[in-house]
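Take a look at the structure set out below.
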Amino acid sequence: MTIDSLLIVAEVAATLVFAISGIIEAVRKRMDVVGIFAMAFITAFGGGTVRDLLLDRRPLFWVQNHEYVWLVLLLTFIAPPLIRVLRHRWVDWLLKGTDAFGLGLFSVTGALLAQTAHMPLIVVLIIGVITGVFGGVMRDVICGEIPLIFRNHQPYALCAFFGCLAYWLLHQTDAALWIQLTAGAGITTLSCLFALIGDWRVPEWPKNQMDAD
Amino acid sequence: MTIDSLLIVAEVAATLVFAISGIIEAVRKRMDVVGIFAMAFITAFGGGTVRDLLLDRRPLFWVQNHEYVWLVLLLTFIAPPLIRVLRHRWVDWLLKGTDAFGLGLFSVTGALLAQTAHMPLIVVLIIGVITGVFGGVMRDVICGEIPLIFRNHQPYALCAFFGCLAYWLLHQTDAALWIQLTAGAGITTLSCLFALIGDWRVPEWPKNQMDAD
Amino acid sequence: MTIDSLLIVAEVAATLVFAISGIIEAVRKRMDVVGIFAMAFITAFGGGTVRDLLLDRRPLFWVQNHEYVWLVLLLTFIAPPLIRVLRHRWVDWLLKGTDAFGLGLFSVTGALLAQTAHMPLIVVLIIGVITGVFGGVMRDVICGEIPLIFRNHQPYALCAFFGCLAYWLLHQTDAALWIQLTAGAGITTLSCLFALIGDWRVPEWPKNQMDAD
């Protein structure tokens, strides 16, 4: 199995896990099959689409890989038995692991594309994070929730931020591209997993300051 | 009256009906005149704008037809008496009919533009459906509701999907363009009307699976 | 101090005040540091980003001025003590004044860019208003609220509308560019301030018509 086909497997796995998180939320909100597909689609492709719009890239991510859209459509129909399976504990961890992995993969890909378009550092970081997390943000907003990553005090977006920063720092050196990308995605994924296992928390604002408003 | 001027009348009617559905929702949410215009504008032009952004088409739909924007602005000011009239039953059916018609017209137009941009099948279908339904989705999200078409178990988006599919299938044959478009829009509109009259329902997920989550 | 550096000071002040309004809303919703930065970013740059997407302008406003993004990031960390200070009455008025000023500055800049892209009148006005107000609209939608400017019966968006109209009217004359811009931004800012001081209200829909639906 070559590196390229490994990467495709990784991307497909990450896309499907993002789609599943949309499906779970849609089922929770008692949506019908149209809503379930829409939420799967938006969660899986939302981040990449916003990135492509901001960077003015065409064809869009999911147009170029339109077989991924078929996969998400298929997933919509086999979701209910899948979600029944998902209640097992190890599946939960498998999902969390793949999600952390998808976050790393998508964020660093976004940062790479922003870097290739000669964006300045802070824009590279922000577009990297947007690519990784914005599908979930759109999922939550459409479901009428304040986005989870804005309020759950878990360092999910920060992991993506520092992973993209690691990629950018290595990009300034002579390191090979695959080292830059692996380091960036790896730091994101591993820190995200450690944060989940260790229950790391983003520090809260002191209460009295919060009440001040 | 030529075909072209008939088409323009159809497009204007569909745009106005979409705008009215935004106005009704805005009035329901006790918005002021700014909100009423914004909701009318977003509901009428939201789907076409997202399509144009995804396909990178400029000028945007409502820039090219900027007299439609004036119409929507005018509509904002004559809306309250209109909405009082709308309580009659036959007006309700007139609105539903024009809405079904607008869904067909906008969806197939979106599919045509995606097809012209050489998009693959699934992208043609999705962009067609987005063009027809996304104004309403944005209306609902801004009003703080989960989008109606994602959860009301009516086949509204599916009608657009199959209409765009019919258009695409005919596009693969030697059929004339007007036959492709009429068939696509007609199937969408008629199936949407039959679904309303017959109260067709998208099948629900079995309850025990829904509760599984 | 030259005009140019005055303009930069003005733009930075307006961006920061927009960001602060995002931060205040995020703190109110008990968001974490990720959410606070996201809300500051979206409120400050949302309007300009939507304008740039609609007009297909690249690089985006905040990519071109990426030092503003650093400023907003910095602001995220010094926000809590700031917000404690903000409880004083004169600070409240300083914020409102700068916000009215930012509304004028951003709206007329948006109208100018739309005019430069040869947009028709109604599009110039709408893109001007979007540039000024859409950051706040996105802030409210993400926070799960119906956008404030759609329902608070204050003429905020109308001030931007008439300011852009004044700019456009002067643009048809021989007036120098700085007169067009100053008049447009000045009318927006001053009418917005007078509306705040005098508690001007957009007329409500008569109650019985609202209940009709």
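Per-chain residue numbering starts at 1, and chain names A, B and C are given in the order in which the chains are listed.
In this section, contacts are C-beta pairs under 8 Å (C-beta built on N, C-alpha and C of every residue); 3 or more make two chains touch, one makes a residue touch a chain.
Keep in mind that what you see is a predicted model, and the values were worked out from it rather than measured.
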Hey, what angle do you get rotating chain A onto chain B on C-alpha, to the nearest 5 degrees?
120
Are the two sides of the chain A and chain C contact the same residues or different ones, given that same means over half of the numbers occur on both copies?
different
Nearest whole angstrom, what separates the Cα centre of chain A from the Cα centre of chain C?
30
Could you list which residues of chain A touch at least two other chains?
53, 56, 141, 144
Tell me, which parts of chain C touch chain B in their complex?
53-54, 56, 119-123, 126, 137, 141, 144-147, 149-153, 155-158, 202-206, 209-210, 212-213
Could you please specify the touching residues of chain C with respect to chain A in the complex?
24, 26-35, 38-39, 41, 49, 53, 56, 58, 60, 62-63, 66, 69-70, 73, 80-81, 83-84, 86-87, 141-144
